[in-house]
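One chain, chain A, links the two complexes that follow: it is found with chain B in the first and with chain C in the second.
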Partner chain A sequence: MSRIGVFVCHCGENISRTVDVERVAQAAARLPGVAYATDYKYMCSDPGQSLLKKAIAEHNLDGVVVAACSPRMHEKTFRKAAEATGLNPFVCEMANIREHCSWVHEDREEATAKAIDIVKLMAARVRRNRRLAAITVPVTKRALVIGGGIAGIQAALDIADAGHEVVLVEREPSIGGHMAQLSETFPTLDCSQCIMTPKMVDVANHPKITLHTYSEIEEVGGYIGNFQVTVRKKARSVDMAKCTGCGVCMAKCPQKKIPNAFDKDMGTRPAIYVPFPQAVPNTPVIDRENCTYFKSGKCGVCAKVCGPCAVDYTQQDELVTEQIGAIVVATGFDLYSIEPKPADSPIQGYGEFGYGTIPDVIDGMTFERLASASGPTGGKILRPSDGKEPKEVVFIQCVGSRAREKGISYCSKICCMYTAKHTMLYKHKVHDGQAYVFFMDARTPGKNYDEFWRRAIEEEEAVYIRGMVSRLYQKGDKVVVMGSDISVGIQVEIEADLVVLATAVQARKGADTLAQKLGISYDKYNFYSEAHAKLKPVECATAGIYLAGACQGPKDIPDTVSQASAAAAKVMTLFAKDQLEREPIVARVNERFCAACFACKKVCPYGAVEEKEIRDRQGNLIRVVASVNPGVCGGCGTCQATCPSKSVELDGYTDEQVMAMIEAL
Partner chain B sequence: MKNILNYSYYPGCSLHASAQEYEASTRGLFKALKIGLHEVPDWFCCGATPAHNVDELLSLALCAKNLSLAENVAGDLAVACAACFSRLKTTQHRLIDNDAKRQQVEKAIDGPVPLGKKVKHLLEILARDYGLERLQSAVQKPLAGLKVACYYGCLLTRPPEVPELDDCEAPTIMEEVLKATGAEPVSWSHRMECCGANFTLSRPGVVLKLSGDILASAKAAGADCIMVACPLCHGNLDIRQGGIEQASGTRFDLPVFYITQLLALACGVSTERLGLESMIVSPMPLLREKSLL
Partner chain C sequence: MHAAHKNHDFEPKIAAFVCTWCTYAGADLAGTSRMQYPPNVRVLKFPCTGRIDPVFILRAFQKGADGVLVSGCHPGDCHYMAGNFHARRRFAAFRQLLDFVGVDLNRLQFSWVSAAEGGKWVEVVTGLTERVRSMGPMREFKELELEEQWSGKVDTPELQEAYEAIS
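Let's turn to the complex of A and B:
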């Protein structure tokens, strides 16, 4: 490019306060290859863009440098403007003199000199830019949703209702997730099962949804629009096609003493079971670890009593490969437990609460099961130790959350509200009971949330004590709660019949392993990272993968559903096109010089480098070289830095360009 | 005879004053176990609670100087008093990552602070260095039938990042050491609660309540006696016990032993060297009843 235009932006006062923009434009005008340079108050505004377009036409410009903010902010804006004049968009570049200069410096002289240098660099680069063409890749219009809780269900239904095929993969034998375990939901106290189970049935009946339950993601390959996902369908030991869900096998199973995880181990279940009566699909699974037949070869009762002969002890795990265009990750959360943790764990348990050894100290989910009409007590609040109705219940918030000394500094977001709900459910069921809540502060930002919390105190007579609990111990049949009331500065001791801990929301166990399979990033707590905290809240940095629900961070049901629908909308946007267009900033291999050492393949974080065979016309193999799949390449340039023979280069960042930029200084 | 292990030893002020029985029994026990204790020459007060309440630099400098004196004696530094142990460890912890503060302290004591000198509480030495098995085989007179409430107090394990002795809120080291003697630790609720500490002089009412709760809880758990590792806790539970009984109208009659007293008794150290006579709540009726005298 030999007729470059440089446009220096004031960004209101953001840049011009520290950088003498006029001087930058004057200096730019003297640079080699620059035919025109000017400055303007707001380059991104409509008049600013018009100025740019007009200058390109009037001065016959063939390259553009906009000296303004970060390319992350407005590169697209200016490339679009340049393209409108007929220019190739990839000869338009940003010189970042705001984030990299005016915002971080105070001295006007030095900042101006640095801004001129930054413009010099970019002008040198644009001089050697090639006119690139956007890369197109085909899109498989089929979505994978990982996780069948409320987040996954909502995302799957939205995408399927838009007419696209969805594959929903759930690890447990039934979809439903945590929400299926809840009794009633805040802030309206509607029954969780009543609003959840119809959605579960919708998933099962939807012609566009393929449901893989009792299944896990084995392997993920490919890239946006073109993923290949292998799903491991674990052996259910029951033929789903034959089973009618009559339940005779479960009724006749002689092994009925297995703790029921769905009821937080309070009740028991047989070895052949569905997790709960409203399970979808309503097909039992044999828990092989606890099944007498699988342990000793004797029994076989379920097979004998099964009318349609659906029980199949010989079933094996099955691997299914699905072609997928976009992935929604909705794997949910686990609850923190106060039990002792391994010595090397960054997260600690609560020795002061007895490390989980006091039977009448339970967590919030256990309370949900006690309060649930379908729970082990039929909805009666009865404490685990002796089945008596507790008359004094102490709820403790922020157990594990906001507890830096235990290794978790974040707020779990949902506990203030569900604890308020628990005090109400308790009062509705035990009229002469008294609920106490120890809390640091009540966080109730949500529609009708604060009103709900106030209702717990003002109408349902929960006593809120602002302070923490230092110790819990068993005294006779009571649990003594030693705490402080910091609003009056006194020590408090309550002899409770039951203590309910609002334990922290944590990432799922194994969340990191799944993230590694998907190639998405996660934070130090293993919550999945969104691409931008504010502007890309449901996208992963990895293209084509989206997040929904608590796998990204603690979230309540309304937020989860919103995020799931947002993720679904993103998938639909992707599926709206037949071909995907993406930036051509990708690596290219010079096949003539490639020495086939494949160092690039080893270092490529995107798995974009493939081995390509070069054959003569007779089909004889001549040699093998590296080849970059432009659909997968992330444009990071690691291969370019690694290649010993300098035969791979990133478009827009070629060695020639980078050297020219260095020389320009 | 040659010692199996050797330590430099920082007794602290209490062990030369109100807790002489702790000192005597520690000496007696360690001699019986063939563990050498070599007292740091010219040691002085660690500053205890008053120093760090008044001036952080003063409290750090006092401990730093004592640590530097301890460098003159070979071996890890053995400490009996929970408070001295806490102050010495806190000083090291505070200075290890804080160069500015360390230089300030080094200027004050006119020399380097030995941050690498290992400070160990007696419990750590007995349970880890000497070992529970060896301890068990050193027992000559098992304390069979004696039910003991092991009382940790505040400072042995807290704050979690400083002492690194055991689990901060649910430790077991005292119970493990005690079990080696054949005595039976009781399971009780108040082993980690504060006794009221220094309030014993300024606001005795606080101590009557807090130490009273501890005694009541130990009694309710069926303990015959309490075992402690801190002279101040000992003072509050033993010396104040009569006052607590008067105030609460409850009779506890719980002798309060130092860890070393019970261990020395089990390891056959002569009862005359255990300072039993200086305990306010006399242990004699209990020891006679259990045939341990």
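Let's turn to the complex of A and C:
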């Protein structure tokens, strides 16, 4: 570009207060390649943009530098304005003299000199900019939702109701997630099953939803609008097409003593089972690790009793590949366990609480199962050790949460509320019982949340003790709770019948492995990272992938459902177009120079580099070179810095452009 | 404000090669938070530290930089998943080479500054500026440049001819 226009913005006074903008414009006018330079009060305003457009036309400009705020703020604005005049948008760049200059320096002389330098660098760059053509790619209007908890269910239903196909992949034999395990839910105390199961059935019956349960993501390739996803459907040992869900096999299976994980190991289940009676789909799976037939070759009872002959011991894992346009990740959370952790984990267990060896010290989810009408006790609160009704129950909040010394510094957000709920459920079932709660402080922001918490204290007579618990130990058939009440400054000791720990919400085990398959980022606790904490709360930085629910951070049901619907809306926005435009910052191989070492292929994090055969007219192979698939290329430029023969180049960041900037230092 | 500045008789020039997703955004945050730091740094934006060729660093020293900063996303946070790992490996080897050719490694700093770490950006830039200031100007490479008068371009007719001959 040899006729560059430089437009220096005052940003009201944000820039002009410390930078002498007129002098910057004067200096810019003398730079090589610059044909025109001016300054204006607000470049981004309507008149500012008109001024830019007029100058491009009048002075026949072929490149633009807007010296103003950060390109992260207004690059799109000015590129669009430039494009409106017929200029290629990629010859328009911003020189950041606000965030990187006027706002961080006080000395006018120094700031002005630096601003001139910044403009000089950008002008040198624009001189070497090339006109780039936007890349368009087709969109496959089919969404993948990973995880069938309430987040995944909501997102899948919303997208499917909009008329798009959805593939829902759930790891467990049934969808439902944690919400299916809950008894009643705050802040309204409606029964979780009652509001959840209809939605689960809707998923199963929806003509647009393909449900893969007992399945996991094996491999993810491709890019926004064009992902290829391979799903591993684990062998169920029961043919879903034949099974009628009669349950005879489960009733007859002689191997009945397997702890039921859905009931937090309090009840038992057979080797052929559905996790809970309302499971969707209502097709059993054989747990091969515990099945007598798979262990010793004897038994085979279920196959014999099954009317439609659905049981199939020879079934194998099956891999299915799905073409997908957008992905919603909704894999939820795990609960922290107080047991000792392996040496390599940064998260510690609770030795002071007996490391999980005291039978009547349980976690919140176990309490949910005890309180649930469909739970192992039929909804009676009976403690695990001897099945007696506990008369004094101590609840302890923030176990693992907000505990830097245990390796977690965040707040789990839901425990204050569900503990208040637990005290109520307890009081409703054990009228002469007493609930105590140890808490640091009550965090109850949310519609009708604080009122709910107050009700636990004022109407249900829960005793809240502000303080920490330092030790739990067994004494006879009691659990002694030693803590402190910091509001009055005394030590407290309670002999409890049952202790319920509100343990921290943690990322799923293996969340990082899935993230690596998907190419999305996660924080130090393995929660998935949104693209922007405020303005892009459901998008991943990786285009075409969205987040819903507790996989992104601790969340209650209302928040989870809101985020799931938001993610669905994002998917629908994407699917509203037939073609997608993406920034043309992609790598390109110069086939003439490529030495075919494929160093680029090894380092490319996207697998965008392919081996391309070059043949002559007769079809004889001449040589093989590297070739970048522009649809897959993420545009990081790692290949270029790696290529020993300098045969691959990243558009927008060519060596020529970079060297020109360094030259102008 | 001039006072602080006038105490120094040498103002180093620092070239900062940063990635757009983390460190550039971190520097933006320092701006929106109105933090203050010395004006010696010139920022060159890259999509990823993975794009940063060690040659750029040599060239920057040659072209007048007294100190060079390379900064990107924290390990595991790379927008491109692994670009910064490749960069890290590359620069580990490159540092040894620089050491070998006699560049004081105190002039070159690698750091991780995330989009949320405006304060860390200020710390890193201030630290490097002060350190390089106390070391004085970087002369070695600049003199070399003056002697050779190499344009840095590879588009001589000889080279062009050689390239043509390849395919």
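Here, the second predicted complex is superposed on the first by the 661 of 665 C-alpha atoms of A that agree within 3 Å, B and C clash if a C-alpha of one lies under 4 Å from a C-alpha of the other, contacts with A are read in each partner's own complex, and residues count from 1 in each chain.
Note that in this section a residue touches a chain if its C-beta (ideal position, glycine included) is under 8 Å from a C-beta of that chain, and two chains touch if they have at least 3 such contacts.
Everything quoted here is computed from the prediction, not taken from an experiment.
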item	value
Fit or clash - chain C, chain B, common chain A	fit
Partner chain in contact with A:Asp46 - chain B first, chain C second, else both or neither	neither
First (chain B), second (chain C), both or neither touched by A:Glu352	first
Touched partner set for A:Glu405, first chain B, second chain C, both or neither	first
Touched partner set for A:Lys475, first chain B, second chain C, both or neither	first
For chain A as apex, the angle formed with chain B and chain C - C-alpha centres, to the nearest 10 degrees	80
Chain B versus chain C as contact partner of A:Asp432, first or second or both or neither	neither
A:Asp344 touches, of chain B and chain C: first, second, both or neither?	neither
Touched chain A residues, chain B compared with chain C	C
Minimal inter-chain CA distance - chain C and chain B, angstrom	18
On chain A, positions contacted by chain B and by chain C	none
Partner chain A, residues of chain B touching it in the complex	160, 167-171, 189, 192-193, 220
Chain A residues within the chain C interface of the complex	70-72, 96, 98-101, 103-107, 109-111, 113-114, 117-118, 121, 516, 519, 521-522, 524, 529, 541, 585, 591-593, 603, 605-606, 634-638, 640-642, 650, 652-653, 655, 658-659, 661-663, 665
Residue ranges of chain A touching chain B (in the complex, touch as defined)	340, 350-352, 354-355, 405, 471, 473-475, 480, 482
Chain A contact footprint on chain C (complex, rising order)	1-2, 5, 13, 15, 21, 24-25, 27-28, 30-32, 34-37, 39, 42-48, 50-53, 56, 59-60, 63-65, 76-83, 86-87, 90, 122, 152, 163, 166-167
